[in-house]
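Look at the two complexes coming up: subunit A is in both, with subunit B in one and subunit C in the other.
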Partner chain A sequence: METQLDKVLTECLVQQDTVGALVANPQGLCLGAKGIINPNVSGIGMAISEQVAKLEPENNAPATICLYSGNKRCIIQKDGEITGIIYKHATESSNN
Partner chain B sequence: MRAPVICQCYQMAIIVLVPCEYQIRTIVLSDAQAIEMEKLITPPNQIGHLILKDDGAVLESGGELKNDERSANVIMGLLNLTESIDENFMPNSSCERITIDYEEHSYSICLSNKRIYVVKLSKTHSGNGATTSSPSSTTYNDTEFVEGNNASSSTVLA
Partner chain C sequence: MEYVRSIWDCLVSICSCLHCTEDISRTAQTETERTHLLANDQQNQSPALRRTNSDLNNDCSQSLPKKDDQDALSRLVQDTAINMINVGAMDSHHLEHQEYTDKIKLYTQRLHQQWNNIQHPGNVPKGLLKDMPNHQFYVYKPVYSEDTSQMKKFIGKCHIGVTDIKIEHKEAVAVVVPFRIP
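Then we have the complex of A and B:
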(Lines of atoms letter the chains of each structure in order from A and count residues from 1; the text may use other names and numbers.)
(Lines give C-alpha, C1' and ligand atoms only; values in the text may rest on other atoms or scores of the structure.)
Protein backbone atom coordinates (compact mmCIF):
# COMPACT_ATOMS: atom_id res chain seq x y z
CA MET A 1 0.00 0.00 0.00
CA GLU A 2 2.79 2.40 0.94
CA THR A 3 4.57 1.68 -2.33
CA GLN A 4 1.51 2.81 -4.30
CA LEU A 5 1.14 5.97 -2.21
CA ASP A 6 4.83 6.66 -2.62
CA LYS A 7 4.50 6.33 -6.39
CA VAL A 8 1.54 8.74 -6.51
CA LEU A 9 3.34 11.31 -4.36
CA THR A 10 6.45 11.06 -6.53
CA GLU A 11 4.29 11.63 -9.64
CA CYS A 12 2.80 14.73 -7.98
CA LEU A 13 6.21 16.16 -7.18
CA VAL A 14 7.42 16.12 -10.78
CA GLN A 15 4.59 18.47 -11.80
CA GLN A 16 5.52 22.10 -12.47
CA ASP A 17 5.92 24.35 -9.39
CA THR A 18 5.05 21.50 -7.00
CA VAL A 19 7.25 21.58 -3.92
CA GLY A 20 5.43 19.16 -1.62
CA ALA A 21 2.61 16.61 -1.55
CA LEU A 22 0.87 14.77 1.24
CA VAL A 23 -2.00 12.31 1.70
CA ALA A 24 -4.10 12.10 4.86
CA ASN A 25 -6.59 9.58 6.23
CA PRO A 26 -10.11 10.46 7.57
CA GLN A 27 -8.64 10.99 11.04
CA GLY A 28 -6.31 13.66 9.67
CA LEU A 29 -3.24 11.48 10.10
CA CYS A 30 -0.50 11.63 7.50
CA LEU A 31 -0.29 8.51 5.33
CA GLY A 32 2.66 9.76 3.35
CA ALA A 33 4.46 12.98 2.46
CA LYS A 34 7.08 13.94 -0.09
CA GLY A 35 8.99 17.14 -0.73
CA ILE A 36 8.97 20.27 1.40
CA ILE A 37 5.75 19.80 3.36
CA ASN A 38 5.14 19.43 7.07
CA PRO A 39 3.37 16.09 7.81
CA ASN A 40 1.45 17.89 10.59
CA VAL A 41 -0.46 19.81 7.89
CA SER A 42 -2.53 16.65 7.33
CA GLY A 43 -4.80 17.53 10.28
CA ILE A 44 -5.64 21.10 9.21
CA GLY A 45 -5.91 20.00 5.56
CA MET A 46 -8.42 17.34 6.54
CA ALA A 47 -10.36 19.88 8.64
CA ILE A 48 -10.49 22.31 5.70
CA SER A 49 -11.76 19.64 3.32
CA GLU A 50 -14.40 18.56 5.88
CA GLN A 51 -15.50 22.19 6.30
CA VAL A 52 -15.83 22.68 2.53
CA ALA A 53 -17.86 19.45 2.29
CA LYS A 54 -20.52 21.25 4.41
CA LEU A 55 -20.91 23.92 1.71
CA GLU A 56 -22.75 21.60 -0.65
CA PRO A 57 -23.50 18.41 1.28
CA GLU A 58 -25.73 17.11 -1.52
CA ASN A 59 -22.90 17.36 -4.03
CA ASN A 60 -20.94 14.10 -4.05
CA ALA A 61 -18.34 15.27 -6.56
CA PRO A 62 -15.05 16.11 -4.85
CA ALA A 63 -14.31 19.81 -4.53
CA THR A 64 -10.82 21.17 -5.11
CA ILE A 65 -9.83 23.89 -2.67
CA CYS A 66 -7.03 26.27 -3.58
CA LEU A 67 -5.56 28.75 -1.12
CA TYR A 68 -3.53 31.57 -2.66
CA SER A 69 -0.84 33.55 -0.92
CA GLY A 70 1.40 35.55 -3.24
CA ASN A 71 3.09 33.12 -5.60
CA LYS A 72 2.30 30.16 -3.35
CA ARG A 73 -0.69 27.87 -3.56
CA CYS A 74 -1.99 25.14 -1.31
CA ILE A 75 -4.32 22.74 -3.11
CA ILE A 76 -6.54 20.40 -1.11
CA GLN A 77 -8.84 17.72 -2.47
CA LYS A 78 -10.83 15.16 -0.57
CA ASP A 79 -11.85 12.11 -2.52
CA GLY A 80 -13.61 9.44 -0.52
CA GLU A 81 -11.60 8.73 2.58
CA ILE A 82 -8.36 10.18 1.32
CA THR A 83 -7.40 13.85 1.34
CA GLY A 84 -4.53 15.07 -0.79
CA ILE A 85 -2.63 18.28 -0.13
CA ILE A 86 -0.22 19.80 -2.63
CA TYR A 87 2.05 22.80 -2.13
CA LYS A 88 2.95 24.82 -5.20
CA HIS A 89 5.42 27.67 -5.36
CA ALA A 90 5.58 29.53 -8.66
CA THR A 91 9.07 30.77 -9.34
CA GLU A 92 9.98 33.61 -11.70
CA SER A 93 11.33 31.16 -14.25
CA SER A 94 8.01 29.28 -14.34
CA ASN A 95 6.12 32.52 -14.98
CA ASN A 96 8.18 33.34 -18.08
CA MET B 1 -21.63 62.31 -22.91
CA ARG B 2 -20.24 58.82 -22.72
CA ALA B 3 -20.90 56.61 -19.72
CA PRO B 4 -18.44 56.69 -16.79
CA VAL B 5 -15.67 54.13 -16.97
CA ILE B 6 -14.71 52.29 -13.81
CA CYS B 7 -10.97 52.34 -13.59
CA GLN B 8 -9.88 51.64 -10.06
CA CYS B 9 -11.26 50.17 -6.83
CA TYR B 10 -9.76 51.53 -3.65
CA GLN B 11 -11.00 50.40 -0.26
CA MET B 12 -14.78 50.66 -0.51
CA ALA B 13 -14.72 53.57 -2.92
CA ILE B 14 -14.59 53.09 -6.63
CA ILE B 15 -12.90 55.72 -8.70
CA VAL B 16 -14.49 56.27 -12.07
CA LEU B 17 -13.35 58.18 -15.07
CA VAL B 18 -15.95 60.38 -16.64
CA PRO B 19 -15.10 61.48 -20.16
CA CYS B 20 -16.41 65.05 -20.20
CA GLU B 21 -15.61 66.90 -23.36
CA TYR B 22 -11.82 66.54 -23.48
CA GLN B 23 -11.27 66.21 -19.76
CA ILE B 24 -11.22 63.11 -17.65
CA ARG B 25 -12.60 63.56 -14.16
CA THR B 26 -12.08 61.27 -11.24
CA ILE B 27 -15.05 60.82 -8.95
CA VAL B 28 -14.99 58.98 -5.65
CA LEU B 29 -18.18 57.22 -4.68
CA SER B 30 -19.59 56.59 -1.23
CA ASP B 31 -19.76 53.03 0.20
CA ALA B 32 -23.38 52.52 -0.86
CA GLN B 33 -22.69 53.73 -4.37
CA ALA B 34 -19.53 51.62 -4.53
CA ILE B 35 -21.65 48.53 -3.82
CA GLU B 36 -24.05 49.62 -6.56
CA MET B 37 -21.14 50.04 -8.96
CA GLU B 38 -19.83 46.60 -8.07
CA LYS B 39 -23.09 45.20 -9.36
CA LEU B 40 -22.28 46.66 -12.73
CA ILE B 41 -18.95 44.90 -13.00
CA THR B 42 -20.21 41.40 -12.27
CA PRO B 43 -18.78 38.73 -14.56
CA PRO B 44 -21.33 37.22 -16.97
CA ASN B 45 -20.96 33.74 -15.52
CA GLN B 46 -21.62 34.88 -11.94
CA ILE B 47 -24.59 33.02 -10.47
CA GLY B 48 -24.42 34.26 -6.91
CA HIS B 49 -22.58 36.54 -4.56
CA LEU B 50 -22.14 37.33 -0.89
CA ILE B 51 -20.45 40.26 0.82
CA LEU B 52 -19.69 39.56 4.47
CA LYS B 53 -18.30 41.64 7.29
CA ASP B 54 -15.25 40.28 9.09
CA ASP B 55 -17.55 38.99 11.87
CA GLY B 56 -19.56 36.95 9.35
CA ALA B 57 -22.59 39.25 9.08
CA VAL B 58 -24.11 39.28 5.59
CA LEU B 59 -23.95 42.78 4.08
CA GLU B 60 -25.01 41.90 0.56
CA SER B 61 -26.21 38.77 -1.17
CA GLY B 62 -27.66 37.84 -4.50
CA GLY B 63 -28.36 35.12 -7.03
CA GLU B 64 -28.09 31.55 -5.73
CA LEU B 65 -26.45 32.83 -2.55
CA LYS B 66 -29.25 35.27 -1.71
CA ASN B 67 -29.82 35.27 2.07
CA ASP B 68 -27.68 32.14 2.27
CA GLU B 69 -26.50 32.49 5.85
CA ARG B 70 -25.65 28.79 6.04
CA SER B 71 -23.06 29.16 3.29
CA ALA B 72 -21.82 32.36 4.95
CA ASN B 73 -21.26 30.45 8.21
CA VAL B 74 -19.46 27.61 6.40
CA ILE B 75 -17.21 30.13 4.63
CA MET B 76 -16.44 31.92 7.90
CA GLY B 77 -15.48 28.56 9.43
CA LEU B 78 -13.27 27.89 6.43
CA LEU B 79 -11.55 31.28 6.77
CA ASN B 80 -10.85 30.62 10.44
CA LEU B 81 -9.23 27.31 9.51
CA THR B 82 -7.11 28.84 6.75
CA GLU B 83 -5.62 31.48 9.06
CA SER B 84 -2.85 29.16 10.13
CA ILE B 85 -2.02 26.29 7.83
CA ASP B 86 1.72 26.07 7.78
CA GLU B 87 3.76 29.03 9.03
CA ASN B 88 6.79 27.79 7.08
CA PHE B 89 4.96 27.77 3.75
CA MET B 90 2.30 30.48 4.11
CA PRO B 91 2.62 33.07 6.88
CA ASN B 92 -0.41 33.19 9.18
CA SER B 93 -3.37 35.18 7.82
CA SER B 94 -1.54 35.71 4.52
CA CYS B 95 -4.09 33.81 2.44
CA GLU B 96 -5.64 36.47 0.19
CA ARG B 97 -7.87 34.32 -1.99
CA ILE B 98 -9.55 30.94 -1.83
CA THR B 99 -11.21 29.08 -4.65
CA ILE B 100 -13.46 26.06 -4.28
CA ASP B 101 -13.81 24.25 -7.54
CA TYR B 102 -16.65 21.85 -8.40
CA GLU B 103 -17.36 20.18 -11.73
CA GLU B 104 -19.95 22.70 -12.92
CA HIS B 105 -19.30 25.75 -10.80
CA SER B 106 -16.79 27.33 -8.46
CA TYR B 107 -16.63 29.71 -5.54
CA SER B 108 -14.07 32.46 -5.27
CA ILE B 109 -13.50 34.04 -1.87
CA CYS B 110 -11.48 37.24 -1.57
CA LEU B 111 -10.62 39.27 1.47
CA SER B 112 -10.38 43.04 1.12
CA ASN B 113 -10.86 46.01 3.44
CA LYS B 114 -12.20 43.87 6.33
CA ARG B 115 -14.86 42.50 4.03
CA ILE B 116 -15.20 39.05 2.54
CA TYR B 117 -16.35 38.87 -1.05
CA VAL B 118 -17.74 35.53 -2.24
CA VAL B 119 -18.77 34.91 -5.81
CA LYS B 120 -20.27 31.74 -7.22
CA LEU B 121 -19.31 31.27 -10.84
CA SER B 122 -20.86 28.87 -13.31
CA LYS B 123 -18.68 26.96 -15.77
CA THR B 124 -21.56 26.21 -18.11
CA HIS B 125 -23.48 29.50 -17.96
CA SER B 126 -23.40 31.36 -21.27
CA GLY B 127 -23.78 34.72 -19.52
CA ASN B 128 -26.28 37.54 -19.69
CA GLY B 129 -23.86 40.18 -20.92
CA ALA B 130 -24.38 42.33 -17.84
CA THR B 131 -20.87 43.61 -17.81
CA THR B 132 -19.54 47.09 -18.08
CA SER B 133 -17.28 47.34 -21.04
CA SER B 134 -14.78 50.10 -21.49
CA PRO B 135 -14.62 51.91 -24.80
CA SER B 136 -11.46 50.78 -26.51
CA SER B 137 -10.49 54.33 -27.38
CA THR B 138 -10.56 55.60 -23.79
CA THR B 139 -7.22 56.81 -22.53
CA TYR B 140 -6.62 55.86 -18.91
CA ASN B 141 -4.69 58.18 -16.66
CA ASP B 142 -3.15 57.07 -13.40
CA THR B 143 -5.87 57.63 -10.86
CA GLU B 144 -5.43 59.82 -7.85
CA PHE B 145 -5.96 57.80 -4.71
CA VAL B 146 -7.87 59.44 -1.89
CA GLU B 147 -7.38 58.14 1.63
CA GLY B 148 -10.52 57.10 3.49
CA ASN B 149 -13.86 56.08 2.14
CA ASN B 150 -16.08 58.87 3.39
CA ALA B 151 -15.77 60.94 0.28
CA SER B 152 -18.94 62.53 -0.93
CA SER B 153 -20.44 61.21 -4.09
CA SER B 154 -20.22 64.62 -5.69
CA THR B 155 -16.57 65.23 -4.87
CA VAL B 156 -14.76 66.00 -8.06
CA LEU B 157 -11.06 65.65 -7.56
CA ALA B 158 -9.61 66.41 -10.92
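Then we have the complex of A and C:
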Protein backbone atom coordinates (compact mmCIF):
# COMPACT_ATOMS: atom_id res chain seq x y z
CA MET A 1 0.00 0.00 0.00
CA GLU A 2 1.92 3.04 1.26
CA THR A 3 5.25 1.33 1.79
CA GLN A 4 6.93 3.43 -0.87
CA LEU A 5 5.81 6.63 0.83
CA ASP A 6 6.98 5.32 4.23
CA LYS A 7 10.34 4.60 2.71
CA VAL A 8 10.62 8.12 1.31
CA LEU A 9 9.75 9.62 4.71
CA THR A 10 12.29 7.42 6.48
CA GLU A 11 14.98 8.39 3.95
CA CYS A 12 14.20 12.05 4.57
CA LEU A 13 14.73 11.69 8.31
CA VAL A 14 18.26 10.40 7.73
CA GLN A 15 19.29 13.80 6.34
CA GLN A 16 21.31 16.15 8.54
CA ASP A 17 19.36 18.12 11.20
CA THR A 18 16.02 16.67 10.02
CA VAL A 19 13.71 15.74 12.89
CA GLY A 20 10.36 15.19 11.16
CA ALA A 21 8.72 14.92 7.75
CA LEU A 22 5.12 14.96 6.59
CA VAL A 23 3.19 14.71 3.31
CA ALA A 24 -0.28 16.21 2.81
CA ASN A 25 -2.84 15.90 0.04
CA PRO A 26 -4.69 18.84 -1.64
CA GLN A 27 -7.35 18.78 1.09
CA GLY A 28 -4.68 19.22 3.76
CA LEU A 29 -5.04 15.66 5.02
CA CYS A 30 -1.95 13.84 6.19
CA LEU A 31 -0.84 11.07 3.83
CA GLY A 32 2.12 10.11 5.99
CA ALA A 33 4.32 11.44 8.77
CA LYS A 34 7.57 10.29 10.38
CA GLY A 35 9.73 11.61 13.20
CA ILE A 36 8.90 14.35 15.65
CA ILE A 37 6.07 16.05 13.80
CA ASN A 38 2.38 16.32 14.60
CA PRO A 39 0.22 14.90 11.76
CA ASN A 40 -2.36 17.61 12.54
CA VAL A 41 -0.11 20.34 11.11
CA SER A 42 -0.77 19.03 7.59
CA GLY A 43 -3.79 21.31 7.08
CA ILE A 44 -2.02 24.41 8.38
CA GLY A 45 1.06 23.67 6.28
CA MET A 46 -1.00 23.32 3.13
CA ALA A 47 -2.94 26.52 3.89
CA ILE A 48 0.31 28.46 4.40
CA SER A 49 1.72 27.17 1.12
CA GLU A 50 -1.45 28.22 -0.71
CA GLN A 51 -1.30 31.72 0.77
CA VAL A 52 2.36 32.07 -0.14
CA ALA A 53 1.57 31.05 -3.71
CA LYS A 54 -0.59 34.19 -3.90
CA LEU A 55 2.46 36.40 -3.30
CA GLU A 56 3.54 35.95 -6.88
CA PRO A 57 0.56 34.52 -8.73
CA GLU A 58 2.30 34.65 -12.10
CA ASN A 59 5.25 32.55 -10.91
CA ASN A 60 4.55 28.88 -11.52
CA ALA A 61 7.63 27.59 -9.70
CA PRO A 62 6.70 26.03 -6.32
CA ALA A 63 7.53 28.38 -3.46
CA THR A 64 9.64 27.13 -0.56
CA ILE A 65 8.62 28.54 2.82
CA CYS A 66 10.94 28.52 5.81
CA LEU A 67 9.54 29.34 9.25
CA TYR A 68 12.05 29.93 12.01
CA SER A 69 11.41 29.29 15.67
CA GLY A 70 13.78 29.29 18.63
CA ASN A 71 15.49 25.96 18.00
CA LYS A 72 13.81 24.56 14.91
CA ARG A 73 12.87 25.58 11.43
CA CYS A 74 9.97 24.34 9.36
CA ILE A 75 10.28 24.05 5.60
CA ILE A 76 7.10 23.85 3.53
CA GLN A 77 6.65 23.35 -0.18
CA LYS A 78 3.58 22.65 -2.29
CA ASP A 79 4.22 21.13 -5.65
CA GLY A 80 1.17 20.05 -7.60
CA GLU A 81 -1.14 18.05 -5.41
CA ILE A 82 1.39 17.33 -2.70
CA THR A 83 2.55 19.50 0.17
CA GLY A 84 5.71 18.50 2.01
CA ILE A 85 6.62 19.71 5.50
CA ILE A 86 10.02 19.10 7.02
CA TYR A 87 11.13 20.03 10.55
CA LYS A 88 14.82 20.65 11.05
CA HIS A 89 17.04 21.73 13.91
CA ALA A 90 18.09 25.34 13.59
CA THR A 91 21.82 25.45 12.92
CA GLU A 92 24.12 28.11 14.34
CA SER A 93 24.28 29.94 11.03
CA SER A 94 20.49 30.05 10.68
CA ASN A 95 20.06 31.63 14.11
CA ASN A 96 22.15 34.66 13.18
CA MET B 1 -45.64 59.78 -27.66
CA GLU B 2 -47.55 63.03 -27.06
CA TYR B 3 -46.27 62.96 -23.54
CA VAL B 4 -42.62 62.75 -24.65
CA ARG B 5 -43.16 65.46 -27.23
CA SER B 6 -44.60 67.83 -24.65
CA ILE B 7 -41.54 67.27 -22.43
CA TRP B 8 -39.24 67.89 -25.40
CA ASP B 9 -41.06 71.11 -26.31
CA CYS B 10 -40.78 72.23 -22.75
CA LEU B 11 -37.02 71.57 -22.77
CA VAL B 12 -36.55 73.45 -26.04
CA SER B 13 -38.42 76.45 -24.75
CA ILE B 14 -36.36 76.46 -21.53
CA CYS B 15 -33.12 76.38 -23.51
CA SER B 16 -34.16 79.15 -25.91
CA CYS B 17 -35.37 81.32 -23.09
CA LEU B 18 -32.17 80.80 -21.19
CA HIS B 19 -30.21 81.89 -24.21
CA CYS B 20 -32.19 85.13 -24.27
CA THR B 21 -31.72 85.86 -20.59
CA GLU B 22 -28.05 85.02 -20.88
CA ASP B 23 -27.58 87.70 -23.52
CA ILE B 24 -29.25 90.27 -21.36
CA SER B 25 -27.31 89.39 -18.23
CA ARG B 26 -24.00 89.17 -20.08
CA THR B 27 -23.51 92.90 -19.78
CA ALA B 28 -24.03 92.75 -16.04
CA GLN B 29 -21.24 90.30 -15.19
CA THR B 30 -18.23 88.90 -17.04
CA GLU B 31 -18.48 85.28 -18.05
CA THR B 32 -15.90 82.59 -18.32
CA GLU B 33 -16.12 79.16 -19.87
CA ARG B 34 -16.97 77.78 -16.43
CA THR B 35 -19.79 80.15 -15.66
CA HIS B 36 -22.89 78.06 -15.10
CA LEU B 37 -25.42 78.39 -17.81
CA LEU B 38 -28.23 77.93 -15.33
CA ALA B 39 -27.71 79.83 -12.11
CA ASN B 40 -31.17 78.99 -10.86
CA ASP B 41 -33.68 77.52 -13.20
CA GLN B 42 -36.66 78.96 -11.35
CA GLN B 43 -35.35 82.51 -11.25
CA ASN B 44 -34.06 82.50 -14.79
CA GLN B 45 -37.29 81.40 -16.30
CA SER B 46 -38.85 84.12 -18.35
CA PRO B 47 -42.48 85.17 -17.74
CA ALA B 48 -43.37 83.68 -21.11
CA LEU B 49 -42.01 80.28 -20.08
CA ARG B 50 -43.72 80.43 -16.74
CA ARG B 51 -46.97 81.20 -18.48
CA THR B 52 -46.41 78.37 -20.93
CA ASN B 53 -45.74 75.98 -18.07
CA SER B 54 -48.84 77.07 -16.17
CA ASP B 55 -50.95 76.78 -19.33
CA LEU B 56 -49.58 73.33 -19.93
CA ASN B 57 -50.35 72.33 -16.37
CA ASN B 58 -53.92 73.53 -16.70
CA ASP B 59 -54.61 72.09 -20.13
CA CYS B 60 -52.91 68.74 -19.90
CA SER B 61 -53.03 67.95 -16.21
CA GLN B 62 -53.69 64.27 -16.94
CA SER B 63 -51.02 63.65 -19.53
CA LEU B 64 -48.27 65.81 -18.03
CA PRO B 65 -45.68 64.17 -15.79
CA LYS B 66 -46.17 64.39 -12.05
CA LYS B 67 -44.38 66.85 -9.79
CA ASP B 68 -41.65 64.31 -8.92
CA ASP B 69 -40.94 63.65 -12.57
CA GLN B 70 -40.76 67.35 -13.28
CA ASP B 71 -38.37 67.87 -10.40
CA ALA B 72 -36.17 65.05 -11.65
CA LEU B 73 -36.22 66.50 -15.13
CA SER B 74 -35.34 70.01 -14.00
CA ARG B 75 -32.55 68.56 -11.83
CA LEU B 76 -31.21 66.76 -14.88
CA VAL B 77 -31.25 69.96 -16.92
CA GLN B 78 -29.54 71.83 -14.09
CA ASP B 79 -26.80 69.19 -13.75
CA THR B 80 -26.18 69.21 -17.48
CA ALA B 81 -25.89 72.97 -17.47
CA ILE B 82 -23.42 72.86 -14.55
CA ASN B 83 -21.19 70.34 -16.32
CA MET B 84 -21.26 72.20 -19.60
CA ILE B 85 -18.32 74.34 -20.74
CA ASN B 86 -19.45 77.43 -22.52
CA VAL B 87 -17.04 77.51 -25.43
CA GLY B 88 -18.49 80.79 -26.70
CA ALA B 89 -17.43 82.55 -23.51
CA MET B 90 -13.86 81.28 -23.56
CA ASP B 91 -12.59 84.44 -25.22
CA SER B 92 -9.78 82.48 -26.84
CA HIS B 93 -9.63 84.75 -29.91
CA HIS B 94 -8.28 87.67 -27.90
CA LEU B 95 -5.51 85.73 -26.16
CA GLU B 96 -2.04 87.20 -26.41
CA HIS B 97 0.67 84.85 -27.63
CA GLN B 98 2.50 84.93 -24.30
CA GLU B 99 -0.73 84.23 -22.41
CA TYR B 100 -1.48 81.41 -24.81
CA THR B 101 1.89 79.71 -24.24
CA ASP B 102 1.53 80.21 -20.47
CA LYS B 103 -1.81 78.46 -20.55
CA ILE B 104 -0.28 75.59 -22.54
CA LYS B 105 2.47 75.24 -19.94
CA LEU B 106 -0.01 75.39 -17.07
CA TYR B 107 -2.29 72.75 -18.56
CA THR B 108 0.64 70.50 -19.48
CA GLN B 109 1.92 70.74 -15.91
CA ARG B 110 -1.51 69.91 -14.50
CA LEU B 111 -1.83 66.97 -16.86
CA HIS B 112 1.55 65.65 -15.76
CA GLN B 113 0.55 65.97 -12.11
CA GLN B 114 -2.69 64.10 -12.71
CA TRP B 115 -0.87 61.47 -14.76
CA ASN B 116 1.59 60.88 -11.93
CA ASN B 117 -1.21 60.58 -9.40
CA ILE B 118 -2.92 57.84 -11.37
CA GLN B 119 -2.00 54.29 -10.44
CA HIS B 120 -1.40 52.73 -13.82
CA PRO B 121 -2.78 49.19 -14.06
CA GLY B 122 0.49 47.78 -15.41
CA ASN B 123 2.52 49.08 -12.45
CA VAL B 124 0.10 48.06 -9.70
CA PRO B 125 1.79 45.45 -7.50
CA LYS B 126 0.01 42.15 -7.10
CA GLY B 127 -0.02 39.68 -4.25
CA LEU B 128 -0.63 39.60 -0.51
CA LEU B 129 2.07 42.09 0.53
CA LYS B 130 1.22 44.64 -2.16
CA ASP B 131 0.42 47.32 0.43
CA MET B 132 3.77 46.85 2.19
CA PRO B 133 6.43 49.10 0.66
CA ASN B 134 9.53 47.17 1.73
CA HIS B 135 8.43 43.64 2.45
CA GLN B 136 11.94 42.25 1.88
CA PHE B 137 12.88 43.82 5.20
CA TYR B 138 10.32 41.68 7.03
CA VAL B 139 11.28 38.45 5.32
CA TYR B 140 15.03 38.85 5.39
CA LYS B 141 15.77 35.40 6.84
CA PRO B 142 17.28 33.26 4.12
CA VAL B 143 16.00 29.99 2.77
CA TYR B 144 19.04 27.75 2.54
CA SER B 145 19.81 26.10 -0.75
CA GLU B 146 20.32 22.71 0.95
CA ASP B 147 16.82 22.96 2.45
CA THR B 148 15.35 23.78 -0.94
CA SER B 149 17.15 20.92 -2.67
CA GLN B 150 16.22 18.50 0.13
CA MET B 151 12.59 19.51 -0.15
CA LYS B 152 12.68 19.25 -3.94
CA LYS B 153 14.00 15.69 -3.80
CA PHE B 154 11.57 14.81 -1.02
CA ILE B 155 8.56 16.09 -2.96
CA GLY B 156 9.72 14.36 -6.14
CA LYS B 157 9.98 11.02 -4.34
CA CYS B 158 6.66 11.63 -2.59
CA HIS B 159 4.93 12.06 -5.96
CA ILE B 160 6.12 8.58 -6.93
CA GLY B 161 5.22 7.20 -3.49
CA VAL B 162 1.69 8.62 -3.61
CA THR B 163 0.98 7.15 -7.04
CA ASP B 164 2.05 3.82 -5.57
CA ILE B 165 -0.73 3.89 -2.98
CA LYS B 166 -3.38 1.34 -3.87
CA ILE B 167 -6.36 0.00 -1.99
CA GLU B 168 -6.10 -3.70 -1.32
CA HIS B 169 -9.35 -5.56 -0.74
CA LYS B 170 -8.51 -8.30 1.74
CA GLU B 171 -11.97 -9.43 2.72
CA ALA B 172 -15.46 -9.11 1.34
CA VAL B 173 -17.27 -6.13 2.75
CA ALA B 174 -20.95 -6.50 3.28
CA VAL B 175 -22.65 -3.16 3.63
CA VAL B 176 -26.10 -3.25 5.16
CA VAL B 177 -27.96 0.01 4.99
CA PRO B 178 -31.02 0.32 7.18
CA PHE B 179 -33.86 1.72 5.14
CA ARG B 180 -37.02 3.28 6.54
CA ILE B 181 -36.90 1.53 9.87
CA PRO B 182 -39.38 3.18 12.20
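The rule is simple: the second predicted complex is superposed on the first by the 88 of 96 C-alpha atoms of A that agree within 3 Å, B and C clash if a C-alpha of one lies under 4 Å from a C-alpha of the other, contacts with A are read in each partner's own complex, and residues count from 1 in each chain.
Operating definition for what follows: contacts are C-beta pairs under 8 Å (C-beta built on N, C-alpha and C of every residue); 3 or more make two chains touch, one makes a residue touch a chain.
Please read all numbers here as calculations on a predicted model, not as lab measurements.
Engineer: So, A:Gln51: does it touch subunit B (first), subunit C (second), both, or neither?
Structural biologist: A:Gln51 contacts both subunit B and subunit C.
Engineer: Is A:Thr64 touching anything from subunit B or subunit C once the two structures are fitted on A? First, second, both or neither.
Structural biologist: Touch partners of A:Thr64: subunit B and subunit C.
Engineer: Using the touch definition from the top, say if A:Leu5 reaches subunit B (first), subunit C (second), both or neither.
Structural biologist: A:Leu5 sits against subunit C, while subunit B stays out of touch.
Engineer: Once chain A of both complexes is superposed, is A:Tyr87 in touch with subunit B (first), subunit C (second), both, or neither?
Structural biologist: It touches subunit B, and subunit C stays clear.
Engineer: By the touch definition at the top of the document, which applies to A:Lys72: first (subunit B), second (subunit C), both, or neither?
Structural biologist: first
Engineer: Which partner does A:Asn38 reach: the first (subunit B), the second (subunit C), both, or neither?
Structural biologist: first
Engineer: Per the overlay, which chain contacts more subunit A residues, subunit B or subunit C?
Structural biologist: C
Engineer: Would you tell me the residues on subunit A in contact with subunit B in one complex that are also in contact with subunit C in the other?
Structural biologist: In the superposed arrangement, which is not itself an observed complex, subunit A uses residues 51, 54-56, 64-66, 68 for both subunit B and subunit C.
Engineer: Help me check something: in the complex, which residues belonging to subunit A touch subunit B?
Structural biologist: 20, 36-38, 41, 44-45, 47-48, 51-52, 54-56, 59, 61, 63-70, 72, 74, 87
Engineer: Which of the residues in subunit A come into contact with subunit C in the complex?
Structural biologist: Answer in residue numbers: 1-5, 7-8, 11-12, 15, 18, 21, 23, 25, 31-32, 51, 54-58, 62, 64-66, 68, 73, 75, 77, 79-82, 84, 86, 88, 94.
Engineer: Given the complex with subunit A, which residues does subunit B contribute to the contact?
Structural biologist: Residue positions touching the partner: 71, 74-75, 77-78, 81-82, 84-86, 88-91, 94-103, 107.
Engineer: Touching residues of subunit C toward subunit A in the complex: what are they?
Structural biologist: These residues of subunit C touch subunit A: 126-129, 141-144, 147-148, 150-152, 154-155, 157-162, 164-168.
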